[in-house]
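Dropping a structure here in structure tokens format, bear with me for questions.
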Amino acid sequence: MNTSKKISVGILGATGSVGQKFIQLIDNHPFFETVEVMASDRSAGKTYKDVVNWFLPTPIPNSVADLIIDRCIPNNKVRFVFSGLDSGVAGEIETEYAKAGYTVVSNAKNHRFDEDVPLLIPEVNSDHLDLVTSQQYNGGMIITNPNCSTIGLTLSLKPLEDAFGIDEVNVVTMQAVSGAGFPGVSSLSIIDNIVPYISGEEEKIESEPLKILGTLENNSVKLKNFKMSAQCNRVSVIDGHLESVQVRLKEKTTKEKIIEAWRNFKGEPQSLNLPTAPEKPIYYFDEPDYPQPRLHRTIENGMAVSVGRLKECPIFDYKFVVLSHNTMRGAAGGALLCAELLIKKGLFPQNG
Amino acid sequence: MNTSKKISVGILGATGSVGQKFIQLIDNHPFFETVEVMASDRSAGKTYKDVVNWFLPTPIPNSVADLIIDRCIPNNKVRFVFSGLDSGVAGEIETEYAKAGYTVVSNAKNHRFDEDVPLLIPEVNSDHLDLVTSQQYNGGMIITNPNCSTIGLTLSLKPLEDAFGIDEVNVVTMQAVSGAGFPGVSSLSIIDNIVPYISGEEEKIESEPLKILGTLENNSVKLKNFKMSAQCNRVSVIDGHLESVQVRLKEKTTKEKIIEAWRNFKGEPQSLNLPTAPEKPIYYFDEPDYPQPRLHRTIENGMAVSVGRLKECPIFDYKFVVLSHNTMRGAAGGALLCAELLIKKGLFPQNG
Amino acid sequence: MNTSKKISVGILGATGSVGQKFIQLIDNHPFFETVEVMASDRSAGKTYKDVVNWFLPTPIPNSVADLIIDRCIPNNKVRFVFSGLDSGVAGEIETEYAKAGYTVVSNAKNHRFDEDVPLLIPEVNSDHLDLVTSQQYNGGMIITNPNCSTIGLTLSLKPLEDAFGIDEVNVVTMQAVSGAGFPGVSSLSIIDNIVPYISGEEEKIESEPLKILGTLENNSVKLKNFKMSAQCNRVSVIDGHLESVQVRLKEKTTKEKIIEAWRNFKGEPQSLNLPTAPEKPIYYFDEPDYPQPRLHRTIENGMAVSVGRLKECPIFDYKFVVLSHNTMRGAAGGALLCAELLIKKGLFPQNG
Amino acid sequence: MNTSKKISVGILGATGSVGQKFIQLIDNHPFFETVEVMASDRSAGKTYKDVVNWFLPTPIPNSVADLIIDRCIPNNKVRFVFSGLDSGVAGEIETEYAKAGYTVVSNAKNHRFDEDVPLLIPEVNSDHLDLVTSQQYNGGMIITNPNCSTIGLTLSLKPLEDAFGIDEVNVVTMQAVSGAGFPGVSSLSIIDNIVPYISGEEEKIESEPLKILGTLENNSVKLKNFKMSAQCNRVSVIDGHLESVQVRLKEKTTKEKIIEAWRNFKGEPQSLNLPTAPEKPIYYFDEPDYPQPRLHRTIENGMAVSVGRLKECPIFDYKFVVLSHNTMRGAAGGALLCAELLIKKGLFPQNG
């Protein structure tokens, strides 16, 4: 690709928390440039900075602050959109954009299990990108980013699946409030408290890794069929989902070999040197009380996952803890990495 | 017993967080009266109220505030002591008191696995109290209260063990900071954070329920041998340990039958109507996002455990969430209930 | 009054946070009984327990749980209502109820400065109740409870005004999230954070004490005219507003005399022995780091205010810290005390 | 100076929280290089990484991790030390180092009011550096950094003093837990709570600004004599002290002129382009609810202060809110800026 000319992109759901993060990350991005912001009819026609309840610590990029918000209707200003839409509306709107020939990179759950839509973690299943060639969208396409808790978990499972095979995975999550967007979780619900429930979350974690770790056969993903179980909790943490994981492996192995598998793990984003890719996708900590959300969520700008406390398990084979930054790697950052992979592999048709 | 005359008791480790809670709970108790407070040599000789860093919301009971602190050496002022001692010193001191003929009710871990020492949850294994008759303490005896995370978990398991039999239990805990005492966990470690480690805790949870649920045979406890695995996390909650639990049962059953088993559960403290006993030891909630520490930890003055979110598990048979108040049911309140059982069963020799 | 027969009351805004608190407090109240719950048109016609997002630690009283919600339109089921309505709608609805002959005890701000409406803290200005005799509401009447931050502050000022006279008051508040209702403050706004702004709050604190401390002359309140300044902050606390206060007094005095004035302070609720009245309205603490929200907000069931840290001030005369429970004394509990005063003084016409 | 050769420095109190921050900031610093770490006798002789309870999100710099800790006794390995010592020991140790010819840049309070020791905020009173020429330390010298709450406050006051003159300043602080070091504030003291007291803090805030804003006359600082009053609170925030301030000015002015004075403010660190200097020392926010600790504490890497909510005050002339990062600008970062000023002004004798 010719990186000297950036690809103009639009942000669907630009005023929401994922939308804001997309705008922040795309500012000064080598491949992309935000030139359109789309939101609800209520906001359309107004200036972005006047409508958005911006809550990121860096200011609104100047180039975006004064954009007039468009409705979520294809108007051909751009050919590439990032979607931070709420799942209540994302499904239909994204389909419409794809049918209109847009490339849609979505963080919403709606299309994740469409047969021809890649559910992508670039380090894990970059080959699934080929699915887009089967999409019947008249030149457009949809690729999706998994759920925020799935991403950290699946990244930590991938080296185990590759090296030893996975039989069963049980996980209990402790999830940050930013995962619910803004205003999201009421302070009255979470100060000095835990909410042991996140609507729809357990179902996502119990299904998404099976597609992501699935194998591409005849341009279709054969789902993995190991057993997964998840229990999800919301805790008083701003950013960073921590997960307690237990795994049964197909092949017996040692603690040392597992740690080695994690530490040596690299994927296509690393070999392609994608702008948002972490140098090392997985950090294993030997300290007995690491990783911790506040200390480790921002490693490699929030794009690496942190693993620790690997221990033999009396029931499963091993147990450990994994942490990932839910709004970076687990949402906007992860989706952006998918988009970078798409561009670098030459799959964005308008590119060139 | 003749409740018109209260039993004089001493509090070992009276200035610590468990010690304070003992003093608070024993104030106006129908069976007991605090007449002696014991602490480290550093504090001995000083007035209790001048030394203690009292952090409970109710004031120091007047009858205790002006007591002069004694050293932790038997002096025969009382014949009955509650121990809130740190495990670093509890083992030896408690042995000394028992040898001197004292009845010792301890919250410390040191003697929990002594063969002749009951590890007691009065609703679960009140029959284990008989173990004390084998103790060779010259009239004295030691009984122990389990770890704070064990108690809630084991109370929720007991009806399942009785009705269906337990095969495997996996648990991930989210534990309140009060479990670490005062000052305990630094605020810098826990605001906007989780610490996925509590020293020694996983070992306790993986072993204690097997003794508590064990059967008394020939005046000795036959440990259960089902598999247990635990991962422990410290979270930003003041009081109340929440635990995500998965169980495999010996006998297949239904969700309804499990909930019924919990809701109908009663034990000896209820039939004996012990002063600190909750009317119902277990509350099951149908609400999808209950129980929560801040809302439910104080049910029945913190002596009942709350259970919710029972769901079939793709790996085990069922999964659920259990909450218990770690400093009440899980520490001083639980130990006090043990003491009440002992008195009511006529096992305190000086009583009568 | 004949307390054997309770007065039937309705709760306006029954599903909101203040409404819930009214329902909780009136359960088993000696004077009142909740027989009607009113809320928005959206909720009307539905069962209370199905609509309310109940977030108090005690369960919904059985007698209320199954009530069908009415619209906020007078229907003569009761003659007495407590209003926990939002100020967006409270003004008009309360007027309508009063015109229909209802007695309205309101926590909303709308009528607080109506000339003939008492703005009441029963310990401070119970004589202002007489204002209701001037109200032109066809038998109905409105009495109001001050802002949550005003109440604690004004209670602490009253003994100073009586004994020494007040010249100037500067206050900086640190307010709990429950003051904003539910969902209110987003967790993303307040974990590891402070918001130095609460809409409309500074204006209320700078004006309400001047009416409350005003003198009744010719059945009208002559406002005090000392200078007041307030800055308000929202902090990560569930319940309990803490305020740093500086005062300039008309008459020079000593620290001892001020503390004595606080400790000896009593008002009409104490002499009338009203059910919700604290025994002592003000607690002064000598400890250098008291009062603290979590430790002291529930003193006397949240109806007493706590004061501490009295110190000479290089600019004003004295400075101190005052704490009050914003949803008890500062909202529903305070309003209930007003209602009790009204009843006990025989001002509720249907009573007898 | 010749920046190609870095000045070797030692860190006194290297394992403490301020010490850690010094080490983090000096890593890759253009002027300085940490080659010695000093701590208590208990730690001396051990490797830094084995002793330190490192709690910063970035790893221990490699060049420091393996240093062997020295005692706090001058040994001539370096000629320049940063002191993060506790005030319990700082006074004597720093004197000893100065007497041994060291340049000591200290964050401790002990020498702040020594007549010949500059109490320095480089943007405010860089001219006070000249005081060191009067020091009788045999070639050594001591310069000090003010208290963390003083720095933000005084930076916000300086432009007002210069433009309008200050008559009175009242301040209420809401201070982050990191200000107390590690472990510092217990989580039990601060979750869902406020502690309205910080030992010694009010006295520092009421005195330090008067020296810092004082004028240098005949190589001695003439203290300002306006009145200052402070009340200090500890709140549940990790980093960032927020302060509610009221000021009386000598000369009447407008809101616009005050904001302009803040926005245009620059000092010597800016003109000298010191490495740690913020581009703009003061940011004024027009948003009604800014500044907030979590959003604004890291502006300019934590070296700028944020101001907002300027409003006329019914008692004083104006009131506003100021925020500064207490461990950056308010401690290690502020002290480092002092050191950079010293170097750049050629006052470090060994330099050149």
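Quick notes on this one:
Read from first to last, the chains carry the letters A, B, C and D; within each, the first residue is number 1.
One rule holds for everything that comes next: a contact is a pair of C-beta atoms (placed from the backbone, for glycine too) under 8 Å apart; a residue touches a chain by one contact, two chains touch by 3 or more.
Bear in mind that the values here come from a model prediction, so they are computed numbers and not experimental data.
Under the touch definition stated at the top, chain A and chain D share these contacting partners: B, C. Remark: among chain pairs B-D and A-B, A-B carries the greater number of C-beta contacts. With centres defined as mean CA coordinates, chain B is found 43 Å away from chain A.
The mean-CA centres of chain B and chain C are about 40 angstrom from one another, to the nearest whole unit. Here the spacing of chain B and chain D, counted between their Cα centres, is 47 Å. Of all residues in chain C, those that touch two or more other chains are 55, 189, 191-192, 236-238, 294-295. Taken together, the chain A residues at the contact with chain C in this complex read 55, 177-178, 182-192, 236-238. For chain D in complex with chain A, the touching residues are 55, 57, 191-192, 238, 294-296, 298. Of all residues in chain C, only 168, 170, 172, 174, 189, 191-197, 206, 227-229, 231, 233, 235-238, 242, 244, 246, 288-295, 308-309, 313-316, 319, 321 touch chain D in the complex they form.
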